[in-house]
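Worksheet: one structure, shown below.
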Amino acid sequence: MRVSFPYMGSTIVYGKLLELLGHQVVMPEPPTRKTVDLGVKYSPEFACFPFKVIMGTYLETLERGVELFVTTGGQGPCRAGFYGELHKKIIQNMGYDVDFIVLDPPWRDYEKFFRQILTLKGDNSWFKVAEVIHTVYKMCKSVDIIEKLITTVRAYAGDRAALNRSWRDILTAYSQIETARDVARVEEEALRVIEKYDIKLPPQEKRIRIGIVGEIYVVMEPSINGNIEEILNSLGAETERSLYLSTYIDETIFPWIGRKEKKKLIKKASGYIDLNIGGHARLSVGQIVDFKDRGFDGVIHLKPFACLPELISESMLEKLSADLDMPILSLSIDEQTAEANIMTRLDAFVDFIKYGKAYSKERVSLSV
Amino acid sequence: MKIGIPRSLLYYYYYPFWQTLFAELGNEVVVSDPTSGDQLNEGVKESVSEICVPMKVHIGQVLNLLEKGVDLIYIPRFVSIRRGITFCPKFLGLPDMIKNSIAAVRGKILTHEIRAKTDDISAYKNYTIFRDIFRVSKGELKKALEAARQNWLKFRALQQEGYKTEKLLLGEKEKREEGLLKIGVLGYVYNLYDRFINMDFLDRLEELGAKIVTFEMLDGDIVDRFIKNLRKPMFWEFTNRLMAAGYHFINSADIDGIIHITAFGCGPDSILGPFLEIDAGQKNKPFMTLRIDEQTGESHLITRIEAFLDLLKLKKRSDIA
Amino acid sequence: MSRVYIGVDIGSVSINIVAIGEDCELLFRLYKRNTGQPVELVKEGFKELQKELGAKKEIAGVGVTGSGRQLIGYVLGADIVKNEITAHAAATTFYYPEVGTIFEIGGQDSKLIIIKNGIPVDFAMNTVCAAGTGSFLDHQAIRLGIRIEEFGKLALQAKRDVRIAGRCTVFAESDMISKQQYGFTKPEIIKGLCRALVRNYMNNLVRGKQLEPQYIFQGGVAANEGIKAAFEEELNHEVIVPEHHDVMGAIGIAILVKEEMERTGRGTSFRGLDFTRDDFYTDSFNCAGCANECEIIRVKANEEVIAMTGDRCGKWSGSILNVRDSEEKHA
């Protein structure tokens, strides 16, 4: 059976899992302008941006003969938990003959969950399944380490284009791994490659570090958020996100692993958001406080236009920024987003942070 | 104490409960003024621009209550009134949003979580903080809750008998008009009964000869059974109710057409809408979505309603012929 | 020979060029409507500049700002290319060290900049809606059949207040027509429109932010007395419109480039005044390097590629030096 799945930052995870379980995987391509246009055309006008983009990638991969889409549902109350069902409804109504497996958290319906898992497990032994999950998990952890390194050193790289090319090659190497040992080998190689660029970090007080928080899809997916990390790096700022591949796996497959970290963030969000209101809104607020505690200079809050949970966190950014004495920039992303407008804001944001830093030390220098 | 209740969101479903409860506890109950252009404008200024209109209305109502000089503004956090089903994230985070975005309101919010198994929200356990705030004994609080419950049940019963919600809330009794066409109207209470926001949409429908049926007028069992039988119900309480009512309308031969009235920026409706629209289409049931926001033009709305009703009349004639 | 620094602001509605001297004194200023051919307009602008300044000046630095800054930055070989928010802040804090709030309203967008102790600390910018910008007024002026230059003065003649629903250009228009039909005069309608614009600005940009004086109002729309009056009414405080309100972005970027050149001591990368004789040409191609298929925009000067942009990965924009080489390989 030809299997595919929605495109988002975690494609490599889905792809690897299914491939190592022996399915014939149709890898979705990163969304382009064309994908977005296609998705917008067939989505309800007021669905959020991730819905539309995923719709676009579904329709594009369908042209390559997909018989089954695997995706995750969710327990809400964010809308995304219902997207699988709605995509299915619309795509089948368009006349496509394709099946969907929407993996919901097992406690909603054990029987259904188990049946779905059996379909995906195929003829593999449970031992093999465990091994595959282990390998993929290791891979994610490793990719995350390298990515964090890249978004740090890229702020100071002389030849950013070359560094980007190396980073792409590294990701390709990761996508070809088959065992846990491969992961270790690729990681060593990646570190060696980055080492060669011989990038020196400036002294601590001169570094500008910006945290990126918000809705998972726009935070994780560079082709959707306009490569925001790379742009910030090119403006001389290091970046770190609130969400990485392994966070995502921790949440969907091993909820107990991230529990301690989650607890810490919930505590930091208390007084702002006191209940899980869906998506990552409460954790986003906790992350903003956490970035401040870790000495970051500013935070960018990203959300798809009109995202339900993140609207609540956005409503308190003004207060958070004042309480924490840290600049926070909120950006909404959808098909109408003008790149020039985002670019201007990011540029000004980094400038303002530089002013702030210069001001607290010595005489103000307007030149940056 | 003077307790302020914003005339927005679930006011249109629970006001008889709240009014009795606070009065029984010895308070003066103040309801904010009906929504107006200026009030909404103030709300817009203090809200995140992308948030839905009902939330902007709510913030305007809260600001209006501040002007009226109330001691506390009641903003409960509705978490669940049905097993496994919750509310839209904006409802869940409502008190957090209000207190962290409007400085003047801090310290003046009366909030607590409401978790219940049904829409009867009178269980004592949700209200324990009231004992300290209003200095009452457990017995007194329980008695007040029971009185509130009785009053609210009476209100619900009258709704199901076909009395107009908008009148009942004002203490008046008036039955829904009869009409040639029976229209299923799907919409959240705060969109259906805020006359400013929907520009007297219900009256206009009735003037044009429609008999209106809304979800609160349906027998509770119809809704409950429908939701129970769903493999994956929606996450949001009132969206499920609209879905239940929607499918009931689609499958009822005596309903001539369905109007879904939805507010700009409503997330749950962006999911619900397509489901109903696709299935209504397959069952050949006329379906229209009316979107309202702070800038909807009145003439635009009337034109659409008139055209839809004309279409239904023509259909009815040709169906009979 | 004394040094001058050039600031260029490429906005969607106007193109502004200024020259400042070593004490930041304004030596030249030019405001031109952007007719859609920025390169030609900039060439003409520089010819005028050359004529006016004469040969005794040495151009020691060039900075470009505004929404079209990228392309013109390449064409001029600019020393710095910066966003207009930073540029506006730089100019205003130079002229008004006590400034607390900057309102900047241009043709296509509007901005709010908050300054504390001479340091810009916060900003906001309109995103999608045009109802808070100059084009909103242009549009309504045409509808009312009056010249935009007269717009502001007329507003001050209004005897009564009338409220125009101005959340959106389309709705403002229909509301305006109906108010006219009710018999309100043109000045009254115009005053209503000015207040609607300021209301939009307050709703979309200011929202809950605390504003402090001095209030400086700049950008193309600042010439409109009606808007200035509406701001003053809204804030209940004096609002200052700088003399050079329409070229503040260009002045700001000139100040920034001057400081940059003085601080680093490097020489300018400006292509030289001869650039006005060069042929600039832009084309594009789709990169086949990956599935993104980015549209790469290529800027050429006399057939020589001077810049590439539009790629998401930096393959082209990051490596102009390897252009010809990689073009053969990938294109």
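When the chains are written out, they are named A, B and C in that same order, and each has its own residue count from 1.
Just so it is clear, a residue touches a chain if its C-beta (ideal position, glycine included) is under 8 Å from a C-beta of that chain, and two chains touch if they have at least 3 such contacts.
Values in this document were obtained by computation on a predicted structure and should not be read as measured data.
Chain-level centrality, scored on Cα centres against the all-protein Cα centre, points to A.
Comparing the chain pairs B-C and A-C, the larger number of C-beta pairs in contact belongs to A-C. Between chain A and chain B, the centres computed from C-alpha atoms are 36 Å apart.
Our note on geometry: chain B versus chain C, Cα centroid distance of 46 Å, whole angstroms. Inter-chain spacing, taken between the CA centroids of chain A and chain C, is 34 Å. Contacts with at least two other chains are made by residues 318, 332 of chain A. Shown for chain B are the residues that touch two or more other chains, namely 101, 103. For chain C, the set of residues touching two or more other chains reads 207-208.
Listed in rising order, the residues of chain B touching chain C in the complex are 41, 44-46, 49, 101-103, 294-295, 297. Interface of chain C with chain A (complex): residues 67, 82-86, 90, 93, 109, 117-123, 125, 127-128, 207-209, 255-256, 259-260, 263, 290-293, 312-319.
On the side of chain A, the complex with chain B involves touching residues 44-48, 73, 75-79, 81-82, 85-86, 89-90, 93, 104, 108-109, 112, 272-279, 281, 305-306, 308-309, 311-312, 314-316, 318-320, 332.
Only residues 47-48, 50-52, 77, 79, 86-90, 92-93, 96-97, 100-101, 103, 113, 231-232, 234-236, 264-271, 273-275, 278 of chain B touch chain A when the two sit together in their complex.
Contacts from chain C toward chain B in the complex involve residues 165, 167-168, 171, 174, 199, 202-204, 207-208.
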